[in-house]
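Next come two complexes built around chain A: one with chain B, the other with chain C.
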Partner chain A sequence: MKLRLRIASFSAPIIALSIAFGLSSLILLFIGKDPIETFRIMFEYGIKGKSIVSIINRSIPLYISAIAVAVGFKMGLFNIGVEGQYLVASLIAAFIGSQFSIITPIHILFIIIIAIACSAMWAAIAGYLKVKKGIHEVISTIMLNYIGTGLIAYGLTNVFDEAGSDYELPRTPELPESGQMPALNNLFRLDDLQDLHGFLFVAIAAGIFYYWLVWKTTLGFDLRITGANPVAAKFSGINPNRLIIVAMVTSGGFAGLVGLGPLLGYFHRFTIDFPTGLGFAGIAVALLGRNHPFGMGIGALLFAFLERSSQILDLNDVPKEIERMLQAFILLIVVVFYEIIRRFIVKQQVKDASKKVET
Partner chain B sequence: MTRMKSKWLILFIVFGLILTACGGGSDDAAEEEVVTEETAEELDSPATTAAAAEPVADPPSICLVLDIGGLGDLSFNDLAYSGYQKAIEDFGMVGTFLEPDGGGENRGELLELCAEAGNDLIIGNGFLFDGAMNEVAPNYPDINFAITDGVAEPSNVRGMLFKHAEGSYLAGIAAALKTKTNNVGFIGGVDFPLIHEFEQGFLAGVAEINPDIVVQIGYASVPPDFSGFNDPVKGKEIALAQYEAGADIIYHAAGGTGTGMFEAAKEVSEATGSKVWGIGVDFDQYYQVGTPLPDLQEYILSSMVKAADVSIYNAAKATVEGTFSGGASVDDLSTGGVYLSFSGGYIDDIKDTIEEYQAKIISGEIVPPSVRP
Partner chain C sequence: MIKNIYSFILKRYVVITPLLLVLIVAQREEYSQLTTSGTFGSAIRLAIPIMLAGLGGLFSEKTGVVNIGLEGMMIMGTWFGAWGGFTYGAWQGVFIGMLGGALFGFIHAIATVSFQVDHIVSGVAINILAAGVARFLNVISFEDIAYASSTASPRITGEIGKMTVPFLAGGPINDEETFNLFGNIENLDIFLISDFAGFILGFLSNISYLTIFALAIVPFSLFILWHTPIGLQMRSVGEYPTGSESLGVNVYLMKYIGVTISGALSGLAGAYLVIGGTGIYLEGQTGGRGFIGLASMLFGNYKPFGILMGSGLFGFADALQLRSPQAVHGLLIVISIFLFVLVLKTLFEKKYTQSLISLLFSGAFLIWFLNSTTIPNQFVYFTPHITTLIVLSFANQRIKLPEKIGVPYKKGELT
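For the complex of A and B:
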């Protein structure tokens, strides 16, 4: 019986993926393109060496962003503000990190700590507003995103701009050599490919830390119990206000790491090209991966794969937007299916229980 | 029950946000298409990729990567596109054009994609491509690259630069001679050095004729927000405010935002009965805005034309003929790369004065400033 339930819950994402690909194929047929050919081109391009490195690099910030969102989800808290949190943190960390030079490990560690601290503080504002003023975190984090965007625009042009540079656009000074994270290409013998970001290890560590925090500590237990049943949690002696602040700060702390993969591994400075939208993408990945460290890893890789492999489509006369639709389909269908499966499992459990009572 | 409801409400909001976030670039992207001059049988089939892979007896190919704003901005990107299309027609080239994602951080990837597909000439439209060019171009020494408004280090990259200040200086002369209120305006797209070239040239031109003329300056956005190049509503707002404050001629260097300025000119002229004008940029907007929107045509005093289309066309020509060279190529009044248009005949009466100043700039007697003091 147990096994059957397990299979049922694992089948959800697979069924959802098949349906999503099916729907996208229908749309491709509708606009007169061959879906099989389209997906074949995407796949072929997506498994090239360069593509694989690019996919891993793309999935690093996606994965960390998903973790940040998942920490909140675990206790029923919606941190929509990962977007603003990581951008603010990246800007400040990029600037402070460029102001001095020490040996590499300490320098990078220092940048990481600054980013985490900034991001956590930015997120704490939303936690404070919720606890003290009763403002829903969805509203406050969305608003904080806008405030963050404005502050970044102002700060980048007026405060953190590289002094004495004749470059046309505002950007922070470049990180010194010691603040740039070495690539992993030597480690994996990828000589003729682009840099594989060293931040990969930090992402993996973040995943392990997240697992330990949520499933192996009392704080994690409190988070999960509050998410499952807030009333019961309160009566069992959990202080919800304290927990909201802690969860928000933890979520924000993870969010601080989101921008560091691209920052330390590729850009080495905050520019107007710095990737945005990772915070929102993280919500999608967290939903897809059901807040599980492994599931989110798969989800991040999947989205990164779709993003990278769709680049080839324009060259083959297929609109690249098909990939956006595919992502949206996957997301919607997965959420629906998780709910269906959850109900099915609950029903089965009730049945089993009643059988036991009968016998 | 209420808890359930609010949960769904939140989910709804979240999805809305994700969708808007994802949809960031897709407004412009709707106009995206790939132009291939090959026969239709090759579309949808693996032959397209296969054909690109083997260089034997291929027709020359050109790849254009547009920048933020995308096709349909009636300005910078459309200008590049028209040069690119002319090259395809005249030289029988195979063309591909791409647009970057919302933030544009995949510029390098798109250039690389074009290079791997075996294109002979790859154009990055906008100086933001400089970093990507430095990264990609050295890996493909046999391919010609070109970048608009910028320069890059590799020797196979041609930097196509324009002296915006020279043309803008003449626009300033024209505005100063034509104003009746001794009050003119300038609308910039994004407040950063490239647009300051237009602003400073214009200011100097106005001051040359009459230093007492008031110049109102407005910008549609500040970096890192680049929406100011494609925001006609904002353009109209700024223009209305400037006209209201007494300006009767406004010069814009704001891409698609400028359409809003011409609309404002029409509205104000009709409401007050005294005619106000706009000066266009990049294209000869008398035709380029005036053709799709004929009722705006009579408010377009002149345009500061920047022939980026010609530069792209020339790069394509050089590629086909095998005479392509890298390095910076600067276009100015003397080469005809920038000029003030007389379309519509509204400034024909001051043509002599303008040509006089044009000659002075070409001879070096006047050097219009291009950076803020």
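For the complex of A and C:
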């Protein structure tokens, strides 16, 4: 791609961000707050050492969730069910992981494998329903989210509840020492700050694996060609039904990792205040980062930054929910601008090509 | 003649067998809640939001725009409905809720029609946007008001009236009670006839004017879409936009109209949840009903009365879970026997693997039924959602989608 077009494609998120901040500023003005002051407070709070560790911790599950969604997006498959998949997987992995104790790396690997397997199986239901019954994956995954929530509520109180605990609310037994992921603070010499989750490395590995899978393997090629042109893909001999199942299972597999960052690094058990909503946030991050491993990383950090830095706002008498609006604005405006820029680039490429033909 | 009836039953066995089984199971004392007028009454109240969302989906998808954002538009309907209901009064709340939904429909139209953004991407973005906006608006609007929190609004003021039809359902005339025809029949406990009377009674007694208004939209949508010039234009845009354009139809305008109406109807669905139901806005109270509405649209094969039927089914499932977990337990045996019918059918068609799977599930449900007396609350909560999946897996194969559904249309471009 030519430099000019490359710049154009990078301009989309920047324009979208500016417009989203502009809109949010207008809203802040409307409710009688000073937007510049608000954003300054947020920024100052967001770049403190403590905040940065928190932002990285928050961005880990967001990033993995975005990857899970992106695997499907690459072939035009919408896995809206990451939410249910990771919660189901986290509960079961947390319970099984708490039942025994072996050396740390094996223990953690075992928990990871269980989470991936559970989540992939849960996602496979949606793949099956699409292939065999023709139910659109958006509907089936949403319904499976609600079913999953119900099953989790039942399982947590009746099956996986810690036996003999006098804690009032249901929760799984705590992971033994060997199943807890060590923090990275010693590695980066962050002594007086809170734990930096060790799962960071898994997230980075997942990003690299995702890149390899989608851009360097035949499966990835099949995914991309189906996403770009389903008809052409079919005629080139790709079995769409098989691919739907494979993509759904792969996406679900990544989804299994989403809850493990918080689980292994901080909670060490599944409780009713285990973080939810990461699946939906992942969709936003995937759209923002355009399914690119690097772009999604930036997106995850940005969203985590907004989430963390907005915490300070309530102390300054600004409703911190402005951050949700801001995220949503960014998302909606960015998809519009990506489309505009995409069309612009295609037009330019056609123009350039026809110029070449003429000369 | 007999052959016709036979083939009719065979084709509709998916609907007829469970219906019959429910009626039979309802004869048992402990499952009688399955077919009382009370259950049907709440089934209607719960079906209306799903039906309205389904009709919303219809208006949008007939013009070729996939609307996954129904849920988000419904969320806007709940918040704006509650805000309008609190500030001005019940009927004003309904109207304001519709406007709120329509606004988000309009945003969806801008993204998908004018900017040709992928319809599902835009819909997903709308849902996330709506959740954020509703939360924010709720926080800034009801900051200093008692009984409001960041996730709940104060109670609406005013009320939508209710009525009971005189003579047929025992409604009063000039404050005097009248004869209750269907009520008496229901109390006689005659097989089928009393159950049917209960069904009719559900429509006739204690019915809110808002429900009547919503039900009237069904024939109205049918009329607009299939019997007016603008309806024809809207449908043509979904089937063959290039051809419509060449005949002078304003494709963009039709799509804008369709998607905005879709938003308004979803907004009404949300407002109904608040004003006809809880009386307050609660975060997450739509509970996926926008998506269930979409499912009822698919179930109803893109026809208003089909949508009414589909949403009735989901409303029934919802009503059971709210009114009587006991009755949901009765459904277990219904499912088990239905699956057994399926076993026989697949055996007859020589699909042995399917048959075996059905048999296993049938046995599992039977064992579950025999070894329990109720269903855990947590399972009851997702009855409507699992119903959606089951219903769609049996009903989805024969639907006729609009030809150019989900395909972005750009003026002057051949696709």
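To be clear about the criterion, the second predicted complex is superposed on the first by the 358 of 359 C-alpha atoms of A that agree within 3 Å, B and C clash if a C-alpha of one lies under 4 Å from a C-alpha of the other, contacts with A are read in each partner's own complex, and residues count from 1 in each chain.
As a convention for this text, a residue touches a chain if its C-beta (ideal position, glycine included) is under 8 Å from a C-beta of that chain, and two chains touch if they have at least 3 such contacts.
Everything quoted here is computed from the prediction, not taken from an experiment.
Tell me which partner A:Leu331 touches in the superposition: chain B (first), chain C (second), both or neither.
A:Leu331 contacts both chain B and chain C.
For A:Ile341, using the defined touch cut-off, is the partner it touches chain B, chain C, both, or neither? Pick first, second, both or neither.
Neither partner.
Let me test your reading of the model: by the given contact rule, A:Phe78 touches which partner, first (chain B), second (chain C), both or neither?
both
Given the touch rule stated above, what does A:Ser54 touch, chain B (first), chain C (second), both, or neither?
first
For A:Glu321 in the superposed arrangement: first (chain B), second (chain C), both or neither?
Both partners, chain B and chain C.
Would you sort A:Ile31 into first (chain B), second (chain C), both or neither based on which partner it touches?
A:Ile31 contacts chain C only, not chain B.
Looking at A:Ile111, would you say it contacts chain B, chain C, both, or neither? Reply first, second, both or neither.
In the superposed model, A:Ile111 contacts neither chain B nor chain C.
In the overlay, answer first, second, both or neither for which of chain B and chain C A:Val138 touches.
A:Val138 contacts both chain B and chain C.
First (chain B), second (chain C), both or neither: which does A:Ile225 touch?
In the superposition, A:Ile225 touches no partner, neither chain B nor chain C.
Take the contacts of chain A with chain B and those with chain C, and give the residues found in both.
78, 80, 138, 142, 153, 157, 280, 283-284, 319, 321, 324, 327-328, 331-332, 335
Per the contact definition, I'd like the list of chain A residues that touch chain B in the complex.
Spelled out, the residues of chain A in touch with chain B are 32-34, 37, 41, 50, 54, 78, 80, 83, 138, 142, 152-153, 156-157, 168-170, 271-277, 280-281, 283-284, 311-312, 314-317, 319-321, 324, 327-328, 331-332, 335.
Going by the contact rule at the top, pick out the chain A residues touching chain C in the complex.
Listed in rising order, the residues of chain A that touch chain C are 27, 31, 78, 80, 129, 132-135, 138-140, 142-147, 149-151, 153-154, 157-158, 280, 283-284, 287, 319, 321-322, 324-325, 327-329, 331-332, 335-336, 339-340, 343.
Provide the residue numbers of chain C that touch chain A in the complex, in ascending order.
68, 107, 111, 115-118, 120-122, 124-126, 128-129, 131-133, 135-136, 139-140, 143, 150, 287-288, 291-292, 294-295, 298, 376, 378-379, 381-382, 385-386, 388-389, 392-393, 396-397
Tell me, which parts of chain B touch chain A in their complex?
So the residues of chain B touching chain A come out as 10-11, 13-15, 17-19, 21-24, 26, 29, 32-34, 36, 43-46, 48-49, 52, 96, 98, 102-107, 109-110, 112-114, 117, 127-128, 131, 192-194, 222-226.
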